[in-house]
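As C-alpha cells, here come the structures.
Both complexes shown next keep chain A, but they swap its partner, so chain B is in the first and chain C is in the second.
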Partner chain A sequence: MSSGLSIYIATLFVYAGVSIIACWGLDLQYGSTGIPNFAYIIFQAIGAYVAAMLTLGPAKHGSVITYQQYLFGARLPYPLPILLATFAGAALSVVVGPFLLRRLREDYLAIAMLVLSLIATVVTEADVGLVNGTTGIFNVPEPFGSLSPATQSWIYVGTVAIGVLICAAVVRRIVHSPLDRVLRSVRENEVAASSLGKNVRGAKLATFIAGNTMAAFSGALLIEFIGAWAPSGWEYAETFVYFSAVIIGGRGRRGGVAVGAVILGVGISEAVRYLPTFGDPSLVGAVQFMFIGALIIAFLWWRPEGILPERKRVFRLPDEAPLVEVESA
Partner chain B sequence: MSGVPTEMKLMRSAGPGPAASTLEQSLLSVAGVSRSFGGVRAVTDVSFAVPAGALYGLIGPNGAGKSTVMNIIAGTERTDRGTIEFRGAVVNRLADFQRARRGIVRAFQHATVFGRMTVLESLLVAYPDLPGQTYRDVFSRPRRRWAEREQALIERSVALLDRFDMRRTANEYTSNLSGGQKKLLELMRAVCADPVLLLLDEPFAGVHVRNVEAVCELLAEVRDGGVTILMTEHELNLVERLCEVVIVMARGSVIYQGSLTEGLREQEVIEAYVAG
Partner chain C sequence: MSLIEQGIGFGLIQASIIAIASVGFTMQFGIANLLNLAFTEVMSLAGFVAYATLSHSVNLWLSLIVAACVGAVSSLAISKLLYDPFRRRGAKPFTLVIVSLALNLLLQNGILAVVGPSFFTYPVTLGQENIRVLHARFSGDELIIIGIAVGIMLALHLLLRFTQIGRAMRAMSANRDLARSSGIPAARVEAVVWAISGALAGIAGVVLFLNVSTFNPATASSFLVVIIAAAVLGGAGEVYGAMLAAVIVGEAIGITSLWIPSYSTVSAFVLLVIVLMLRPEGVRGILNLSREAA
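Here is the complex of A and B:
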C-alpha cells in the first residue's frame, strides 16, 4: 500500500471517529432529551480553536505564526490542549446553557440555538483578532511530528479510537442507568416529568453540557489532526449534517447513530469526490448537501425511526426471574 | 392558621366533616386564590383547607375552575393573588417539580404519558428514591447501588399493574395503550411517586367499568396509608362513596364545603349544577 493511500485511509478513520463522538454528544441532547441544539457546531468549533491556540503558542511570539491573529496562545504538550479544549466547551455550555434553556418551548429553543450559531459565525468572521477571521487558524503542529506522515496518521487513529472508547463508555453508563429514563421522560413530556419531581431544566442543562463537552472534544481531536480550522468549516449547515446522521442512524440508539455518523460524516462527503466533474467545481459541495437533504426527507418519509430504531427497554417480569433488563425486543 | 382568611372560617360546613374542625391541622391550605386568563377570571378568591389523611372531592359543573385550582396547587399555574400553604409552609414560589419533591403529586385530567417509554419504565421513573437518576449519581455510585433497588421497584410496579390486569402491558410502549389504560397508568405513576398529597383530576374518566372498583380500592388503600387526596370528579355516586367532604365550585368560586348529601340539598349547589 502506498504511503498516500495509507494516509488517506487513516484520515477516513479519524473523520469517522470524530464524527461518531460528535453525533453521540448530539444524540444525548436531541435523541435522549429532546434538546434541538442547532448551535451544536459552535461547541465543536470552540474545542478546535482552543486546542489550536494552546498548541500553536502565543500569537505575537511564534516564528511561524506571526501572520495569524488570535486572542491568546500557549504551547502546551500533547494531549493537554485537547483536554483543556474539552473543558472549554463544557465551560461555555455552563455560561450560555442557563439562558438558552430557560423556559423556551422546543421550537423556539431551536430558533434561539440557530440564531446563536449564526451570531457566532458572523462575530468570528468579523473580528479578525479573535481567531483570525475568515482565514481561520492554520499550521497547527501535529502531535507526533517527528514521525513519518503515515505513522503519524495511524498513531493518531489510535488516539481517536481511545477517544471513541471513552465516549462509548460514558454514553453506555448513562444509557444503562435510571438517568436514561429521566432524560427520555423529559423528551416525551416535560410537564408530566416535572409533575413527578424531575428537574426538567436541570436535566436539560446537564445534558446540554455533557453533549457539548463531547462536541468540543471531537473538535479538538480533529484540529490536532488536520491542523487548520476556519469559519467556513463550521457554519450552521454542518450542524444539520450531524442532525441528519442522528435521524438517519436512529435517534436514541447509539449503534445506529454511529452508523449514521459514518455514512453522513465520511461516506457521502467522500462519495461525491468521485462524481464526474460537471459545471462549476463548487457544485460538488452543493451536491453533497442536496444528497443529504434528499436522504433525510426519504428517511423521515419512509423510515422515521432510522436505520437502527431506538432500543425498547424490556424487563423480565417477576415470575420470569431473574429480574434484569434485557436487550431489545 | 394565619393563612386562612375569615371567609373560610365562616364558610358553611354541613355535617360533621373535618373541614372546619381540623383547620389547625390542615395539610393543604388554599387562601384567597385568584387567577385570570386575559380578561377571563377563572378562579376568584378561592379558599379551603384539606386536613392530613383525608380524601376530599373538588366538584362543580364544567368551567367552574376546578382544574385551574388543581394546576395552581400543583404549581403548573401561578396565582394572581392568594397563598398555597402545604405542611405549614407557603409554596407559591416553588416550581411544580419542587412541590412534587415535597409530596404534592398530581394526575392530569387528560392522561399524559411518556409515549416512547414502556409502561414499566413509566412507573420506574416515578420513584423518587431510586439512585442513579442524576449525572452525579451515575458517575459517582457503582451500578449495583441502583440495580438492586430497581429490582425491588420492578416487583412493586408489577404488583400494581396486576391490580388492573395490566401486567401483560408492562413491556408495551405507553403510546399503544387505550385511553382508559393511560389514565390508570397515570394514577399508578402518581402513586409510585411517593405522594403526601395526591391531586387527581377526574381519575375515573375513560376508565373501563370493570376497573372502577379497583381504582376505588386503590384510592382507599392509599388514603389509609396516610396519603391525603384531593380529587375532582363528575360521577357524584363515586364522590359520595369515596369523599368525606366535598368542596363545590361554581363560576370560579367555592360555594359550599361539607358532605355531598347535605350539599345536594343546598339551593346554590343545585342551581350551580342545573344552571352551570
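Here is the complex of A and C:
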C-alpha cells in the first residue's frame, strides 16, 4: 500500500476516533442529562488551542514576536500538552457551568449557548493577540516528528485508539452507575427528580464538566495531528453536526452515538469527496451541509430514536421478577 | 458631540432593519411557540430574488413587493410542510429548534449552491447625497430604509388595533384556546400570521441587503442572533415589545460601534445571553405595552 494511501486511511481513523470521543461527550450532556449544550464546540476549541500553545512554545522571545500571536505558550513534551489541554477544558467548565446551567426552557437554553459560541468566535477573530485571530494557530509539530510520515500517522492512530478506549471506559463507568439513573431522571423530569431529593444541580454540573473535558480531549488530539486550528473550523454549525451525529446515531447509547459519529464525522465528508465534480469547488461544502440538514429532518421525522435506540433498562428484583421496565424516550 | 450623534444615527438605521425582522420573528414565535431559526434564510431568499429583479431593471418598490410575496409564500410553505406536521406530533420546542436549524442549513447552502460564494451589491443607488439631521449624516438609501420601517410599524399598528384580523391575532397570541372557543378560526389566523411575518422577512431581507455594501449567502444568517436578541428582549411574541427592543438593540450596536467597531454586534449577543439567563421574559410586564387602556 502506498504511503499516501496509508496516510489517508490513518487520517480517516484519527478523524473517526476524535469524532467518537467528541460525540460521546456531547451524548453525556444531551443524551443522558438533557442539557442542550450548543456551546460544546467552544470546549473542543479550548482543548485544541491550549494543546497547540503548549506545544509551540511562547509567542514572544524577549521582545520579538514570532509570526503568530497568542496569549501564552510553553514547549512541553508529548503527551503533556494533551493532558493539560484536557484539564483546561474541565477548568473552564467549572467556571462557566454554574452560570449556564439554570433551569430554563430547553430551547431558550440552546439559543443562549449557541450565542455564546458565536461570541467566542467573534472575540477570537477580533482579538488577534488571543489566539492569532482569523488565521489561527498553525505549524504545530506532530509528536514523534523524527519518524516517517506514514509511521507517524499510524502511531497516532494508536494514540487516538487509546484515547477512545479510555473514554469508553469512563462513559461505561458512568452508564453503569447510580449517577446515570439520576441523570436520566433529570432528563425526563427535572422537577420530579429534584422533589425526590436528587442533587440536580450537582448532577448537571458533573456531566457538563465530564462532557466538556472529553470535548477538550478530542480537540487536543485533533490538533496534534492536523497541526492547525482556526475559527472557521469551529463555527456554531459544527456543534450542530455533533448534535446530528448524536441524534441520528441514537442518543443515550454509546454504540449508537459512535455509529452516528463515524457516519457524520467521517462518512459524509469522504463520500462527498468521491462525487463527480460539478460547478464551483466550494459547492462541495454546501452540498455536505444541505445533506446533513435534510438527513436530520428525515431522522427526526421517521426515526427520532436514532439508528441504534437507547437500550431498555430492566431492573430485576431479587426474586427474578422484572417489576419495573424503564423505556427511555 | 457629532460623533455620538453619528453613532445614534447609525444605530437608528440598524434599529430600522432589526425592527422589521424582529417583529416578523416574534410574530412567528407568538403564534407557533417556536424559534424559527430559518427566518433569516427566508430573508436571504427574498433578498436574492429582489437582486434578480433589480438586475433586470425592475424598480426598487416593485422589487420590495416581489420580495414580500416571496417571503410570505415561502414562510407559509415552511409552516405548513415542515413545522405544522412536527407540532401536530407533539414535538418538544427543542426538537423544533433543531429542525429549524437544519432548515437554516438547508436553505443557506441551497442559496449558496445556486448563486455561488461571491459577493453581490444591489444595482440601485437612490441619492448618494448626504442629508444632515442634527450633525448626523444619512444617505438617501438610509433615509428610505428608516422610512420603510416606520411605515411598516404604523401599518402593523393599524392592522392590530383596528381590523378584525388584527384583533383575532392579538387574541390568539394572548390565549389561544379562549380565542378558539370564541369562534376565531385558529388555522386561518395562523396562516395569516405566517404570511404577514413572511412578508416582513422578505422586506427585511431587501432592506438588509440594501444597507450593507456587499452581501453573500452568509450575510443574512449573521443577523439571526441580533433579531433573536430584539425579539426576546421585547418579550417573545409581543409585537410592540419587539419594536421597542429593536430600537434598544440597534442603538446598542450603533453606540458600541463608535468605540470598539469589531465588537459592535457582540454587544447584542451579550445582551441576549444576559436577558435569557436572568430575565427570559424580557421587558414583558415592565411596560404593559400590549395592554389597552380600560
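General remarks:
As a convention for this text, the second predicted complex is superposed on the first by the 311 of 329 C-alpha atoms of A that agree within 3 Å, B and C clash if a C-alpha of one lies under 4 Å from a C-alpha of the other, contacts with A are read in each partner's own complex, and residues count from 1 in each chain.
Here, a contact is a pair of C-beta atoms (placed from the backbone, for glycine too) under 8 Å apart; a residue touches a chain by one contact, two chains touch by 3 or more.
This structure is a prediction, so every number in the text was calculated from the model and none was measured.
Superposition model on chain A: chain B and chain C are shown accommodated side by side without a clash. When both complexes are overlaid on chain A, the residue A:Pro318 reaches chain B alone and has no touch with chain C.
Touch criterion met: A:Met290 reaches chain C, while chain B stays clear of it.
Contacts of A:Ala237 after superposition on the shared chain: chain C is touched, whereas chain B is not.
In the superposed pair of complexes, A:Trp302 makes contact with neither chain B nor chain C. In the superposition on chain A, A:Ile247 makes contact with chain C only, while chain B stays out of contact range.
Looking at the shared chain after the overlay, A:Leu116 reaches chain C, while chain B stays out of its contact range. Looking at the shared chain after the overlay, A:Phe72 reaches neither chain B nor chain C.
The vertex angle at chain A, taken between the C-alpha centres of chain B and chain C once both structures are aligned on chain A, is 80 degrees to the nearest 10.
The overlay of the two complexes leaves chain B and chain C separated by a minimum Cα distance of 10 Å.
According to the touch criterion, chain A has no shared surface contacted by chain B in one complex and chain C in the other. Listing the residues of chain B that touch chain A in their complex gives 74, 76, 95-97, 100-101, 105-106, 108, 112-118, 120-122, 124-126, 128, 130-135, 137-139, 143, 146, 150-151, 154-155, 158, 167, 170-171, 173, 186, 189, 193.
If you check the complex, the residues on chain A that touch chain B are 173-174, 176-179, 181-182, 184-185, 187-189, 191-200, 206, 210, 252, 310, 312-315, 317-318, 323-324, 329. Interface residues of chain A facing chain C in the complex, by the touch rule stated above, are 36, 99-100, 102, 104-112, 114-116, 118-119, 122-123, 125-126, 237, 240, 243-244, 247, 279-280, 282-283, 285-287, 289-290, 292-294, 296-297, 300-301, 304.
Only residues 34-35, 82, 85-86, 91-99, 101-106, 108-110, 112-113, 116-117, 225, 228, 232, 262-263, 265-266, 269-270, 272-273, 276-277, 280 of chain C touch chain A when the two sit together in their complex.
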